[in-house]
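In what comes next, chain A is part of two complexes: it sits with chain B in the first one and with chain C in the second one.
== the complex of A and B ==
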């Protein structure tokens, strides 16, 4: 499998490249008032509205958010329905609606077969971490997009 | 597919000659949904074995219950009987009486399989003998198996080992039908294919039978079936096309090619939207049969009333409403409405009414199911809550009526102990709620014991509308955000000058209110609704509000005045406040925003799933300039701002007044005068509540005045006219209450406003012998005096307030019809305070006409409310005017229904005069005119 590798802050992250629809320059993000700051806002993707996620806040913590001045790249994900069938067969998934990930920089595409895979370290509790790969002398954290998105979905309301 | 056997089934069940299209649609829908439910049940059963958590049991229970309920509706006794037995076992599991063992699950799985196979049969299992399985289920319950049941219309074969194999066809009834194809002797072949698309797009379903019946002539079908996903994609795309077009408009406004293209896009859009729309009436009409059949079955007399059937909704939403509404209608008929005997002994109309209504409400759609039955017994609910261990006795004792009623949505909750076939044992309301919430709707119940129950379903804008519909939006800005407000919820926009901000915004218990003409409306900040810090141009402090409040409180001190003015100028001059006046369920409120961008036709898109928890957002859109903007939901805003409105929409919708739920709530402002002495005035008799400083007071002799709206308004101090402790005015500031609709404005002095409350019916009028006090009641342990402001005013200034009453009026005999106890007393007291000696009051039109029948020459004038139970004012006046003995008696409408259209309607119905509650001077003048014969057709509004 091939992985899209990208930087968030100083850290290298990755997920299967088949989930990526396109990578683009930053466009205007319209913030959602009073919402979870990990959601950067809404963007106009040629007439379709997408939710943009601030991956610095999501992966590194609330105090690390991007500002408009930061150098950023926008990764537009395929929607679940638009994924090629072989991706679905492998159990890969994104989200039903368009999602944009805001990252620092995209590093390129890596061939997973040439990399060493390690399960998540025992003391990493975050659900969206699926494992670690050795890229030269660096480590790339593999993240699960559906779990990342799920963490942001509103909780089911309690019945009285 | 072949409809023959099912057609026959219908004939045997319903006694119709032909299965009409509607019935067929119903039955097809039942099969599809039944299968879905049973498939879900199977999953849950399997989950139950490994993890028997309560939610799994509840879901399982609901699934089977839905199948049971619908079987009852189609009189599928076999299917229903088996489902009922299965449900009974699940009920015991839920209550913890039966342990979840492999054997039990096995039995339930077998039951589920059997139900599924029955659904697959042409006769939907009517020809299947289920006794053995039912017996097993009953022994699991600890009962002795019942004797084999007699088969309705079926030749019951001997019970064989495995019930599923014991397929005995319904030959007796089917063979007796001459028409239609012959039924195969044994037909376990499932040729009833599921049609997932059908249930959501009924009108697009293939004319399976129509194609054949119309074989004589045309052959080509006029409709085709399309998958919902295809339509959804189409809608999504047309939405994008329209959004794209809107962004190009400014650039290509004058291009004729673009203009043509734009027109085509508009039409294309309309047509695509139409594929998803259906009238609510098509759904409502289904319940005529439900109500008819059920009421016959139960031996009750019940009518159904349908309003607003023309309103159109998205088909998927409409279909989603079908199940919940079935539950609600069945509940109303079975539990809500009483038997004819019971109704006649309690003095109600013998025929009960179930009303189904659909109406637009500030961009939302409201669906209401109302019955005029026995209502919910709140105390019984309280007892049940404790019994079921949902709350302790102490907790339960503290619950308000609203909170109590909310418990009926709790799984397993029912105020009825006995289960029967029609509605159930407490599933039902929780299913209704779950299903409606899945659709994004909210549901509320209100009920009064003995009067009836009203269930209101609010469907938010984006759910009620087809995705990508176009609406008109007011685009506003707050801080960095740009948001759209549905124009249909906007009453007006008010620009506030610095002066306005000082004089028209007041504080009531720390909450801001705005004085808009004769209304006092709650004022909320959009920032608060959205959960963001308040923005003040020119001031970085978010505490601007608090400071303003302090300023107002100190305004009474002249030493402070100058500095106050300076400061106000400093922090507000730069900011032009814009106040958007919105309405929700006939209630008004104001929202402060930073700027208004304009109005725009916007394409409404469902909100992204990631924002779903935010009810304040109805959806999103892309504006002409390419900005993504969120659309505000008015209901969500009201919720977020914690505005606790009284639902007044009912008073407007149900004109014909059969129901008795309307107009029952009377809100009063409670205030203290001297410390520890409390008084109340009805909210609707007040036009203004204002704070006043002692320095504003002017004295002329013994009389005190304040300046308001450019006039001198006399102050009325309660202690000068009633036996109460004087108010200590050394605290320099007090509150004035201004009664509305007075010929001579007067301000009543109050100490402190305690709040507004809903008046109960337990007003003690007996001991209120003092003029000016109508009665007393207890609120939170305090004794509150309900003021009779008219006699109070008269007492304060007898000359002015008596001058217009001629002696002739004092001799007239008045018959008053008014259903609300409070108003009845008020009006009677008012007439009496003006020396009118003979006033007879009755509670509705029927009582009035009875009284007139007994004593046709006993009255000189009839004064009638319009909205009343049993017989309303319109009906009353037309009966009076068509009775030669009574036609001469002038009839005055005295109502709270304002507006030119209502007034017109009143005159058309035959009223000689129309007066709004409660302008007492006009009422008296009007009475004068009516009695002196000058009245007809002349009106003074």
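== the complex of A and C ==
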């Protein structure tokens, strides 16, 4: 499996590249009052509205959020419906609605077969951390997209 | 200040473009061209691996975007070169036209002082007395000759007739006739020593065989006139010599009577030849007699004169009856300025040098006169004085104060010529001269040296306000393009990975695009950083030049002060008052000081102290009572002044608080010993001290040494200041940062500057950082300098911060 590797702050994170629809430059984010602060707001992706998640706040803590001056990349996720069949066969999933992850920088696409996998260390409580991979002399934290997104965008009762 | 010019566009094919850059460009072109087949391959691979038209279209679209980006990048590269070369050209133009202007301005500032000198000296009483004595001598000689030849008979004609008759009978014919023949050509006797000889022979004849009666009395009067004239010529020569000793930039100074004969001169080596010369045909002499009062003078542009062998630059004015500045002109004083020596000194300055300190091959500098003829140059072999200078028309026909720059081939070298025409200085309007600096064109576009030593990173530099907005925009654009290419490749790889095994064939294609994109954009970033370094280097150079200008101007100004004090200390009023200390004599001395100070407004006060340190006269007469209570025997200016043993010596007390000026926190005092009878050597009997108006004069100089932007506005936050040998600020254009009294922790390279050296660096004080150009004094002629430095800073950061 190949992984999209990206930086949030100084930290390297990754998830299967097959979940990515597109990587793009930042576009304008429209904040929505009352949101969880880890949700930056809504963005317009060629006519489709997507929810943008601030991964610095989500992964590093509330005081680390992005500002408009920061260098950022937007990772647009595939919706569950649009995932290729082989991805679903592997048990991968994203979210039903369009979601954008705001990160510092995309480092590249890494071949998982060449990397050493470790299960999440015992002291890590976050349920979206699936494990750690050794990339050269650095460590890449693997995150589970569905778990991360679900924590931030809980399914609401009234949602059909 | 600088003329608005449409910026030149540099094509990559311009001959000025360096071969390194042309190679670089070729490489970029071939890399980008290499992408086209890769894109074609990508499109055909898409057809091979997928039958889904949507997938095919997505790949084709990515490839099209790559193609369009590579075209854009090529465009940016071309623009980048244009900006790179245009920036270097414009910075050099600004620096070198300023250099050209500074050269002519330095000369004019000097010449302004010369116009003051000649007007002041012409009022010396010894000179009008000498001319008057000569006039009487001529008149009496004419009458005597008339008597002898019978053209003009005195009233007692009989006795005279007898006397002359008897005389001619007793004296050998030749002797008498000889004496009267000499008298008939009286002015010819002006040659050095001739008067004395003649008077001896005349007196010998007069007492042995001379006639008696009324005629004898006339001969006695004439003998006394001869003696007086002989003394008077000697005194005048002495005074002129004193002047020349004090003001070493004159080759000669001549005093002429109203018949154009030279009565006295300053250069003893030339005296035998020069005295008695007739300059009545020379223009400077005639124009000097046309001046209407003591405030007028005539500046005679370079030309030949019988006074000296070379080409002369003469400042002249009339000597007036009884030395009254509104009196009738009775003769002229002409000062022969050492133009060639001074011009050579100025032309050598600010020239681009190689690593061995030699002036760069092909770099030349010259002055031209109003007609465009060379009057001085750094290389008389190819820029011969007296010949028309081969310059582009635009550089020849300049308006007053205008600057120009042009390319041309000079001596077979593709060169750039930077010119500026004088606009005079203060009330000296100049002689319409221009100054030109020629440098090889290749010098303008030389590669910059790495900035490691300067102490600023390329990133900090790119973000600073040193770099023009347009370059910053290009930098951002290149970074943006780099990001776009990376994204295209990333998305391509994302896309390929979703195709699973089928996508494998696309991998190498996107990798190639990534590699090319990274290579091209990082090289362009390098080029931009190189460009930024070039800008930094030239900005530092400009600051160095400004600091050098600031220290040179102050050195030259202080040389004049050193000259003034040496000259005035020999003035009769002062030694007379000290030798005969009566209230009346000190009153006269004070009045004399007041007159001097009236002409020389750069002094706040001039004081005369006796050998025990009591102040007995001053130019600001209203302060006399106050100052008379002060004893200055513990002051260094006084002690050093007393210790001078010769009139060519002077002393100076560095900028500090002085008892002479309670209201001022800083004074600069020059002093010179006053000797008995104004002798050139001997013990001092008192000291003359002059209080230079330091803050005003230094402030004026500093304010002209601040860097400007291309529209001529002073750059925000820039400051020019002087530090003394201890590193304390002694004058500054700012009262906020680098203000007077501040003790600065200057960079090591500034502290270790030797005499006359210049350097530049990045200077950080707390949060603020600056570019700093510094020069240490080298003095000027007899003024050796006090170890001061001049500094000019401009802030680097985006925000204005105070140090």
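One rule holds for everything that comes next: the second predicted complex is superposed on the first by the 153 of 160 C-alpha atoms of A that agree within 3 Å, B and C clash if a C-alpha of one lies under 4 Å from a C-alpha of the other, contacts with A are read in each partner's own complex, and residues count from 1 in each chain.
What we mean here is this: a contact is a pair of C-beta atoms (placed from the backbone, for glycine too) under 8 Å apart; a residue touches a chain by one contact, two chains touch by 3 or more.
Remember, it's a predicted structure, so these values are computed and weren't measured experimentally.
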item	value
First, second, both or neither for A:55, with chain B first and chain C second	neither
Touching partner for A:42 - first (chain B), second (chain C), both, neither	first
First, second, both or neither for A:4, with chain B first and chain C second	second
Partner chain in contact with A:153 - chain B first, chain C second, else both or neither	first
Which superposed partner A:108 touches (first chain B, second chain C, both, neither)	second
Which superposed partner A:84 touches (first chain B, second chain C, both, neither)	second
Which superposed partner A:22 touches (first chain B, second chain C, both, neither)	second
If touched residues of chain A are counted for chain B and for chain C, the larger one	B
Complex contact set, residues of chain A against chain C	2, 4, 17-18, 20-25, 73, 84, 86-87, 106, 108-109
Residues of chain B that touch chain A when the two form their complex	236, 239-241, 243-244, 406-407, 409-411, 430, 433, 437, 478-483, 530-532, 605, 608-614, 617, 620, 622, 626-630
Chain A-touching residues of chain C, taken from the complex the two chains share	483-484, 487, 490-491, 493-494, 497-498, 500
Touch list for chain A against partner chain B, complex	28, 30-35, 39, 41-44, 46-51, 95-97, 149, 152-155, 157, 159-160
